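Read through the structures below before going on.
In what comes next, subunit A is part of two complexes: it sits with subunit B in the first one and with subunit C in the second one.
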Partner chain A sequence: MSRILRFILMCSIVMITSGAQIVSAHAMPDHCEPRVGSTVDKPPAEVRIWFNEKIESAFSGIEVFGADGKQIDKKDSHVDAKENRLLIVSVGTLAPGTYRVAWHVVSVDTHKTSGDFKFTVKPQ
Partner chain B sequence: MTTFFVLVRAIHMAACLMVFGMCVFDRFVVGGALDELAPPVQALWSRIAARLHFICLPTILLSGAAWFALVVIAMSGLSPVEALRPHFIGIVLDQTQFGALWKVRGGLWLVALIFIFVKTKDRVPGRRGFPVGWVYSPTISRSWWASTPTLQAPPPGMGDAPKTRRAVPALRAVSAMAFSAALLASLAWSGHGSVGDWPSMHLATDAIHVLASAGWPAGLLPLLIILLVMRRIDSPEKWLAIAIIVRRFSAMSLICVALLILTGIINSWILVGSIPNLWHTAYGWALLVKIVMFVVMLAIGAINLLVLKPRFDRAAITENADFIESHARRLRRNVALELALGTGLMIAVGLLGLLPPAFQAIE
Partner chain C sequence: MTRIRPRAHVAAHLICIAFACGFAQAHGYVGDRFFPPTISTDDPFAVDELALPTLSYVKNGPSEDGPGNHEFGAGFEFDKEIFPHFALGVSETYFVQKLDHGDSVKGWDNLTLTAKYEVWHSLPHEAIMAVGLEAEIGGTGSKSVGRSPYTTLSPTFFYGKGFGDLPDRFGAVRPFAITGTIAQTFPIGGDDPNTLEWGIAVEYSLSYLQQRVRDIGLPAPFKDMTPLVEFAMSTGENRSERGLTTGTINPGVLWDTRQFQLGVEANIPVNSRSGSHVGVTLQMWIFIDDLFPKVFGHPIFGGDR
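Our next item is the complex of A and B:
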C-alpha cells in the first residue's frame, strides 16, 4: 500500500509543480473594432473589444498608444452596461498612423489576462 | 503562488465537502440506522461528528479568507503588501462577482455554523457528554457499556429501562444540512461554472457534482474513523453495527457515484469540447489524472461492495471473530486507500479550477 500511496503523492506533486508554470488564459478577445492588425479608412471614435467571457469592470481596461508611445485614449474605458463581455474606450479624432491597443481584463471567474494589438488609420 | 492557490482551493473544497458530508453521513448512514445501533455506537458517532465539524468549520473560514486574499492579489496585479489594503479589498468585495459570492458564502457559513452547533449541542450536551438523542435498545443490556471502556457509562438511571427517543429536532438537522449544502454548492460559481455555452446547465451540474461527492468519497473519512475507533470496542456486537453502517454507506455511495458519473460527463463535455482536447491541453491532462484516480477508487469501492460487504454481513451473523477481523482489516485498508486517492483527486480539482478550460485553450 505504501508504494501506491507514494505513487499518488508523486502524481500530486507533479500536478502542483506543473500548475506553477501555467499562465491562465481565460477571458480572451473574441473580436475587436477596429479589427486586430487592420487598416481602416475612417478613424474610429472608440476601440471596442468583445471577450469570450464576462469581465469585471473594476479591474479591466484598454489603453491606446500612438506611434510615439504616448497614451492617446480618453481614459474612460468601461464595460458596456448591457453587454458585460464588451470593453470600450473613447479615442477622439485619430490622425493617420499606427496605434497600439493594450488591454487587461479580469474575468468573473477571477482570472487575469492581458494582451495588445495594432491597427492603422489610412491617410485620407 | 499558483501552487499555494491550488492547495488553498483544495483545502477549502475538502473542508466544505466534509461539513456537508458529515451531515449526509449523519442523516442517511448513521441517523437512519439509529434504531438498530447500540447506544455506545451512537455515543461514539456523536463525538466523531462533533470533532470533525469543529475541525472543518474553522478550516473553511481560514482557507476561504486565504482564497479571497489570493484573488485580491491576482486581480489587482500588485504585491501582497500593496494589494491587501482596505481599498482593494473593498473593490473586490463590492464590485466583483467573486466578492458578492464570498459575502453570500460568509453568511451561509455563519448560519451553517449556528445550526451545526445547535444540532451538536443537542446531541452532545457536555464536553465529554452523553448524547441525549440516543435510542436505548432493550435487547442490549448494560453489559454493552461495561464492555466498552473507552466510552462513558450512561448516567444513573438511564441504562436500565427502555427510554423514549428524544431525537435531534428535525428542523435543526435539516437546516444544518441545507445551509452546509448551499455553502458547498455555491463553490460552483467560483470556478468555471459560469463559462461555456450553457452556463445555467453547467452551474446546475457543477453544483450537483460537488453535492454528490459529499456522500462519496467525502463520506469515506467518517466511515474510516468509525472503523478505526471500533477497533477499541471489545464486544462482538460491534460487528453488527459495522455491517449496518457499511450496508447503508454502500447504498448511499451507489447513488452518489451514479450522479458523479452523469454530471462529470456533462461538465467534461462542456469544458473539454472534444476527446483530442484531453491530451492536447493541460486542463485535459489534469482531468485525465482525475478520471484515472476516480476509476481506481470506483474499482476499490466495487471490491468493498461486491466482495467484502456480503462476506462481512454473513460473518457478522455467524460471529466468527477471526474471520470478521480479517475482513474488517481489509475493509479499513481499502477505505484508507480510497481516501488517499480522494485526497489526490481534491488536489486535481483545485488545479482544474485554475486552468483554462480545454475548449478555450485550444481556441
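Our next item is the complex of A and C:
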C-alpha cells in the first residue's frame, strides 16, 4: 500500500510542479471597481475589472447598460497599458440608478470567458 | 535571418488566436458557469480530466461477509476527449483492509471504463445533459478485497444546472448549482442484483457569488471555495436487495486554484445497511487542460469543441 500510495502521490506532485512553468487558465475577475453588487455614493468615471490572468486586448471588452437596457459606456474599453490584467471602460456622468456591467475576455492562452454584474449609484 | 516587423508579428498572433487555434473552452464550463468536478458523483462533462489521487478511509463494522476492518483506498481517474463532446475514461483504486482481528488484505478494485457524450447544452440557462456507459470489468480486481468476477454495465444519464439565470431578487440563490447521475446497472453473470444508482450534488459557488452577485469581501482561499453536499445512492431492484436503498450523504468543500482542485468530503451512511461509521474522502483534480494546453484540452479528432 505504502509503495503504491507513495507512487500516486509522487505522480501528483510531478504533474503539478512540472506544469507550474507552463500553466495557463481561464481569466476570471479578481475584483472590480465599483464592487460587484455594491451601492456607491459617488458615480464612478470608469468601470475597472482586474482579472486573475493576462488578457488579450483585441478580444476583450466591457459594456455598461442602464436600467432601460441602453448601452451608456463610452465604447472605449481597453486593457491598461501598464497592467495587462486590468480592463477599463469610461462612462459618462452616471445618474442615480442600477447599471449592468457585461464583460468578455480572452486570456493569452485563448480561453474565452464572460460574465456580468450590477452596481447601483445612490441618489444624492 | 528574416526580421519580423512588430506590427506583422502582432497581427499574426491575433490571427492565430482567432482562427488557427480557436478559442479554448475547457473543463466544466457551460456558458459563464464553472461546474467543479465532484467527488462522490460523476459530473456531466466529457472533457480532459485527471483525478490524482483520490484517497479514502472508512471503518467497516463486522458483517456476514467478514470481520470489521479499516479500509484505505488510493486511486485515480483519467478522462480524454476523443471527439468533440465525447470522452473515454478509466479509473482504478487500490484498497488495503486492516482487519480488526488478523492480518491486512490488499488488492485492486475492478477496472472501470467509461464513455460519455454531452448531448445538450443551454448556455444562458447554465444547463447540460450527457449520456454514457460505464463498464466495471469483472475479474480485473482482487478477490481478497471482495471484487466481483463478473462485469457490470451501467448506462448513465448525467445532468447539470446552474441557477444564475434566476431573477436578481433571488441573488443569494444564483450561486447554487446541481449536478447528478442516474444509472441502471446490468450485472453480466453472477447473482448480483440489478440496481438503480442515483446521485446528486448540491453546490454553492463562492466565486460565483463574489464575481456575479455581490462582492462580500471574502479573502483567499475562501473566495475560491465551493461548499457542497453530495448524495450517492443505490436502490436494489431484484433478488435479495429488491427495494433496499443504500448510500452516503457527503458534505464537503472544494477549493479551486489555477492548477488543481482539492476537495474533501465526509461520507455518512444513510442507514445501517450502508455502513456503521463515517468515512472521509480526499481528492485532487489536476487541470491538465490548463497545465498542458498543447496536449490536453481539445479532442483528438474532429477539431475543437
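Just so we're on the same page, the second predicted complex is superposed on the first by the 99 of 124 C-alpha atoms of A that agree within 3 Å, B and C clash if a C-alpha of one lies under 4 Å from a C-alpha of the other, contacts with A are read in each partner's own complex, and residues count from 1 in each chain.
Definition applied: a contact is a pair of C-beta atoms (placed from the backbone, for glycine too) under 8 Å apart; a residue touches a chain by one contact, two chains touch by 3 or more.
Keep in mind the model is a prediction, meaning the values are calculated, not measured.
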Regarding the shared-chain residue A:Asp109, is it in contact with subunit B (first), subunit C (second), both, or neither?
both
Tell me which partner A:Lys54 touches in the superposition: subunit B (first), subunit C (second), both or neither.
first
Is A:Gly37 touching the first partner subunit B, the second partner subunit C, both, or neither of them?
second
Could you tell me if A:Ala81 is touching subunit B, subunit C, both of them or neither one (first, second, both, neither)?
neither
Output check: A:Pro29 vs subunit B and subunit C. Expected answer is one of first, second, both, neither. What do you get?
second
Subunit A positions touched by subunit B in one structure and by subunit C in the second:
1, 4-5, 8-9, 11-12, 15-16, 19-20, 22, 24-26, 28, 52-53, 56, 58-59, 106, 109-112
Subunit C residues within the subunit A interface of the complex:
14, 17-18, 21-26, 29, 31-32, 34, 50, 52-53, 55, 72, 74-76, 94, 96, 104, 106, 168, 171, 207, 210-215, 258-260, 284, 286-288, 290-293
Touching residues (chain side subunit A, partner subunit B) in the complex:
1, 4-5, 8-9, 11-12, 15-20, 22, 24-26, 28, 52-54, 56-59, 104, 106-112
Under the touch definition given earlier, write down the residues of subunit B that touch subunit A in their complex.
2-3, 6-7, 71, 74-77, 91-92, 95-98, 190-195, 282, 286, 289, 293, 333, 336-337, 340-341, 343-344, 347-348, 351, 354-356, 360-361, 363
Subunit A contacts subunit C in the complex at 1, 4-5, 8-9, 11-12, 15-16, 19-20, 22-26, 28-29, 31-32, 35-38, 52-53, 56, 58-59, 106, 109-118
